Amino acid sequence: MSTGMRILDLIAYPFVAFIVGMLYMGIARNIIGRIHRRWGPPVLQNLIDVFKLYRKREAGSHGVMFHLGPMIMVTGVVTCLYFVPILSGGKWLHGFSFEGDLILVTYLMVLGALGMALGVGQGGVPFGVMGVTRGLTRLIGLEIPYFIAIIVLMAHYNTASINKIMELQAGGISNWAMFKLPLAFIASLFSFWGMMGASPFDIPGAPQEVASGPATEFGGKYLALMMSTRGIFGFLKLTLWVDLFMGGAANLLILIAKTFVMFISVLFVTSVYSRFKVEQAVDFMWKYPTLIGLIALVIEMVR
Amino acid sequence: MRELLTNTHYIVLTGVLILMVIGFFGALTKKNLIKILISLGIVDTGVNLFFIVIGYLNGKTAPIFSKPGLTPQQMVDPVPQALVLTAIVIGVAVLALGLSIVIRVYEHYGTLNVSKIKKMRG
Amino acid sequence: MSWFSPILMIAVPLFIAFLIPLLGYIHKKAGLYAMSLTLLFNMLTGFYFLPKVMVKPIRVIVAGYKPPFGINLAITPFSIFLACLISTMGFLVSLYLLKDNTTETQEKFAMLILLVVMGSTGIVLTGDIFNMFVFLEITSISSYALTAIKKDRKGSEAGIKFLLVGSISSTLLLLGIALIYNQLGTLNLADIANRFSQMNPKVAFLAVSFLFIGFGIESEMFPLNAWAPDVYQGAPAPVAALFSAVTVKAGLYAMVRFLFTVAAKSVFIKLLLVFGVLTVIVSELSALRQNDVKRMLGYSSLGQIGVILFAVGIGTADAMQGAIFHFVNHAVLKATLFLSVGLLAKAAGGSTMEDLKGIGKKYPFVAGVFGIAALGVMGFPPLNGFVSKMLILMAAAKTEHIVLIMLILAASVIEGVYYFRVLQVMFKEPEPTRIEKKAFPVLSLVPLVVLVFAIIGIGLFSGYLMPYLKGAAMDVMNRSTYIAAMLGSNGGAL
Amino acid sequence: MIGPNNVILIPILAGILAYFLGKVVKPAREGLTLGSVIAVCYLVFRMPFDKVISYSYSFKLPYAFGSLSFGTNALTSFFAILIALSYLFIAFTAFALVKDKDYHDTFYLFFNIVAGSLLGIVYSRDLMSFFIFWEMMTWSSYFLVIMNAKNPRKTGLTYIVFNVAGAYAMLTAMFFVYAAAGSMQFDKVATAIALMPNTKVLFVSILFAIGFLVKMATMPLHVWAPDAYTESEDSFTGFFSGTLSKMGVYGFLLFFATIVGFANLKGISSIKDTPTVGYVIAWLGVITSIFATFRAIVQDEVKRLLAYSSIAQVGYIVTAMSLGTALGIAGGLYHAVMHTIMKLLLFITVAGVIYRTGKDRFSELGALITRMPLSFLAVLFGIIGLAGMPPFGGFASKWVIYMSLLKSHNYFLLVAMIVSSTAAFLYCYKLIYGIFLGHPSSPDLMEVKEVPAFLWVAQVPLMLALMVFGMLPGLLVPYISKAVAALGFNAAFNSTNMYTLSAALGGFNGFTVINVLGVIFVVVLIWYTLFFPKSKKLHRLDIYYAAETPTEETPLHYGYGIGAELHRIPWVGASLRRHITTFYEKFAEQVNGIASVLKDILFNGDGQIYMLYAVLTLVAIIMFLGR
């Protein structure tokens, strides 16, 4: 694969995520609409919103950090994306995943959020800060089951590199980590739903309480950047879970199929459960998912 | 080693013991400072008497060449008697100093009761 | 020059002491200057004889009677070492007193100070047990008088308590000496030591316990030291400095000389160990709750003496070497502490924590000296207290006394608490406005400067002191050389 | 050649000279400190890193101590360089911040003595010199703690009690070992311990552990740390929490790896081939970091937040080291360096902020980003490192610690550590939000100037260091492997080149990470600022406020209250309510109670009773010893 192709591949990387991510968000609004027995907006609605916002003539800014906040968010998310291989096999669309490992990805996921939080800070909106605080407090809850799950994975496959984990799961469904380490998968699912912002855990951006939380003060091009980042971030987590627990995807079609299954689980959870308070979320996360994860860990240690 | 304790020794020793008991009893139970000092004096005399008894040899005379022709063999052991002289002087000095301090304590406290003189404690 | 013998260290101060009232007519301050000069003389003679005695102990015959009959002085390395220490500390305190007008009657003060130092030197140098008793009594009587010299309530109360307990001690000593004389018929220490085993064991035990309690009271051992805190609080500061640096040392010397050289009864040495640790714990704990700084220093002084007794109680040569080193450090440190608190209390008009609030800001030098001495007492490294404490604890480690080491270290944590509390009160509280700053007389600052240099100097260069410490420790540890030197024909007859 | 023993004396003499010379000519203090800093840095760096050199230095101490011996090996040079650099940075901070304070003279005296004693600890080769300089560090840093303290009595006394008690615990162990070995030299002591029976070795290692855990402020011995770090002199706090706590780390490694030896500790009793003592201490470290992190989040005082964060971060080092694995110790050392850099950077900047604004609480600060942009950047770098975020060095050291735990199969420890390191994001955000973002709590904050120039001399290199170690995580690996080798472990890193860091289960290329981040950020920045119309500057109060318009008086600096919701989380809330200090306070009351009862009974002031004591003792001796 010549370097030219490699560069093109790298440039295409974020856009693939952006487009697929936006489509998923559009589909999500449609499906939830149908669940609420209404039609829901067209699938491309999110893309339309983003381009509309980009066309806005001006956007209010509260200072340098406010201006840079969304940019750091995008940088963080896209960098994290580069370290998660979209396609397995290491030829196409694998980004820089060979140079990083699972722990690096875990910490990069939070880097974007922190960058945006700085922008929100300078914005000066109390709702924004409330949103950020809720997000970070919720993170304490979400991170534990997720990390237990990846510890089980790393212990089981004795490696921290995502690509190796994918290779070791090749060869049929029975070989997927989903079935080999079911408890770990279930524990990680809870934090997956939380990170995707499924209803019981969509605490930071709760419209009724904190007026869309961190994104409150941002308008125009900044809001556009944040919405597109949310799309990319959704796609990133989906591919990560697929890579870790479903043996990754040889080509885009398989990827979309597998990620769609995960996405459906998010939708079901979102539309059924009502929102937790922050402390309830953390308390919940530390009780059941962590317990399941610890059991998986014990099983793993025994083996 | 002079082990030959005659019965005179025993009589005087009991005397010493009585003096010591009285002295210590007085010093440790009486509350009045002057009484304590007096009883300490008594203890002191008891000790001095004990010293004398140690040096006493039955039938011997005082170790002073008062009469011509007295030979040292006829005399009692002179050393304890010399020591007792110093001890008595010391006893007197302590007693005198004690009484002068007691006067000053009385000026300050207005009482001689030893259990009342304890502003400095703890 | 055969007339220049150690006996002068006793004769000259005695002569001058009784000459002082006459000097009063020549010039009001003559008595004080005479005192300082004699003490200076004592110090110089001491240091003159120190190297000589290290080589060979000297036996001074008085009035022609060869031992064991006449009274004679036994100048052994341990005694000359202590004699130098006593005279040096006496001289420094006397320098302080030249400008210190605590009492109007200067002659009596100077005379008593001389008598106390002479008495202590006598105890340390004498080779005769009754002679030691007489010197002990001279020191005690002049100490009672010194404690009550200021005629105030505290002084007299302390004086009477000191006198009562002191007279018990003298009675017991007399009884002990009488019993020993009754059995052995001799008063010479070396002779007693030589024939101590021939005594009837019951009477011997009785005599040793009488003397143990008698010397115990003088060396401020735990159950017998209840009078000490009152005396340190009641007596004027320079006198308290003198007591902690000089008289206690003499008492300890008598205890050590009697238990190790004369009556080598190991039961009592073990008792010393136990009482030593008890003294440390009780006095450090009591010092924790003190409000008056002088009384607190009294308790801390008892604590340090407890450490010395503990070291002596261990009974090995290393421990004795550490103990003697602690003799020196304790004397230097406690003298500095008492003298500096004396100055500060005089300026602040009282020695309680309340009075000394923020005094460090007004008199940084004197409070700084107090701070350095406090660090030294607590045993913080570069200073001298640390070196001797380490030596003692190392010796204790060698003899498997780990639990006792932990007790003593716990006590020194408590010591750290109350000393740093005083330092914090002195330096961190707001400056007292009611005291207007007036400089202290230079002469009373000289001893402080000398002592501070001693604290830091001994701390850093303690190696030079070691040969003398080793000599003194050896002298105490092996009885036979002492007996041979004092009784044998080869004794240097001066 | 100037050996380690002279290097130690330079700062101490400089300090003493500075104090006295300073009385005559005031700038002499800064001059002498600067001279000593340069001399120390030059000599420390000139000393060969891993060649073992030893010097005996007869310091005229009595025969019993023998001569104090000093020397260097890789471990000591590792820490010596750390000390020298912190000494340099803190000296410059002090030049700026302590200029017009009234304790100007005593500060330089004690600051230099502390620096000298740190070098002494690191360079000493026998127990006695180690203890001498350990004690000198304790009492000289005590004076720096109470120098500018708000309530010096409580802070000072707790500091002294804990540190002196810890030092004496260590001393008892030293005597124990001295009794067995007959000498104080490290090598002789090591051989002696090998022959000691198990119970004694356990006793000695527990006592050593207590001494060092007090210095590293691990639970339950951490009570002195928050007060001491908060109340100590502002410019000294960086040195205090950054470098002095590392002496605990050095001591722990020295005694547990070389002298007591993890091997024979394992022989005594072990769980899953980690020595039990180490395993318990590891759990202590993790519990400390969890409690300290949650306690840090709810603080309102800036320095107290950083103090608790120091305790938490050192907790990680304790956990990593005490398991006794090669990678664990390497992780501990790596994190020690990173933590020192971050804490120096943060404490120096915070000291500058306090110096300029005079306020030290989040509720009083806010929106300083406009007035103090460089300090904002410094704190930004600091918190990214503190939170362990990838582009900077903080991530590399945490990554190594995680790998060590994974490799030694201590998964539960790793899960517990994740709890605290995730919660760390909260107090990092609170730190930067409380001071620089949000709204100014009082109008005078808007006239504040940037921190004095001298602080930049310290801040800029530290920021660069964080970035460089982030970009080249493998840069420190050769030095760490040499230090770990000096402890008798073979280093466990697979990669040797500067760019990547790889060990047990995986690896990552720091260079790629920072390049990707840089490229994307530049692309987005250019695309956003050039192609889109300039954004309109809004007034501070022109914000979305649910249909109301905030005025100057409305309190908008909401962020200082971060952490209030933690009280409602069941387990976290419980941990915040319960304080370990109540146990110590009761113990202190007990001791005081005994003390006052004892002194009132025994010394009750009545002369006659004193006489009775004497007579009773006599009777007791005659009766009991009579037979």
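By letter and in written order, the chains are A, B, C and D; residue numbering begins at 1 in each of them.
Please note the rule applied: a contact is a pair of C-beta atoms (placed from the backbone, for glycine too) under 8 Å apart; a residue touches a chain by one contact, two chains touch by 3 or more.
Note that the coordinates shown come from a computational prediction; the quantities given were computed from them, not determined experimentally.
The chain pair B-D and the chain pair B-C differ in C-beta contact count, and the higher one is B-C. Most remote chain with respect to subunit A, judged by CA-atom centres, is B. Relative to the centroid of every protein C-alpha atom shown, the closest chain centre, again from C-alpha atoms, is found for D. One finds 101 Å separating the Cα centroids of subunit A and subunit B. Averaged C-alpha coordinates put the centre of subunit B at 69 Å from the centre of subunit D.
The mean-CA centres of subunit B and subunit C are about 29 angstrom from one another, to the nearest whole unit. With centres taken as mean Cα positions, subunit C sits 80 Å from subunit A. Annotation for subunit C: residues touching 2 or more other chains are 160, 164, 168, 229-230, 286, 289.
The residues of subunit D that reach two or more other chains are 596, 599, 603, 605, 607-608, 611, 615, listed in rising order. Among the residues of subunit B, those in touch with two or more other chains are 27, 36, 117-122.
Viewed as a network of touching protein chains, the structure does not reduce to a path, ring, star or complete graph.
Those residues of subunit D whose C-beta lies close enough to touch subunit A in the complex are 367, 369-370, 376, 380, 384, 387-391, 395, 399, 402-403, 406, 409, 411-412, 414-415, 418-419, 422-423, 425-426, 428-429, 432-433, 436-439, 500, 505-509, 512-513, 516-517, 520-521, 524-525, 528, 532-538, 540, 542-546, 556, 558-559, 562, 565-566, 568-572. Only residues 1-2, 27, 33, 36, 40, 43-44, 47, 50-51, 54, 77, 79-80, 83, 86-87, 90, 93-94, 97-98, 101-102, 104-105, 108-109, 117-122 of subunit B touch subunit C when the two sit together in their complex.
The touching residues of subunit B, when paired with subunit D in their complex, are 24, 27-28, 31, 36, 114-115, 117-122. Touching subunit D in their complex are the following residues of subunit A: 54, 57-65, 67-68, 71-72, 74-76, 78-79, 82-83, 96, 99-104, 107-108, 110-111, 114, 117-118, 121-127, 129-130, 132-134, 136-137, 139-140, 143-144, 147-148, 151, 154-155, 158-161, 211, 216-217, 220-222, 225, 277-279, 282-283, 286, 294, 297, 300-301. Those residues of subunit D that touch subunit C in the shared complex are 58-65, 128, 131-133, 135-136, 138-139, 142, 146, 149, 152-153, 156-157, 160-161, 164-165, 168, 171-172, 175-176, 178-179, 591-592, 594-596, 598-599, 602-603, 605, 607-611, 613-618, 621-622, 625-626.
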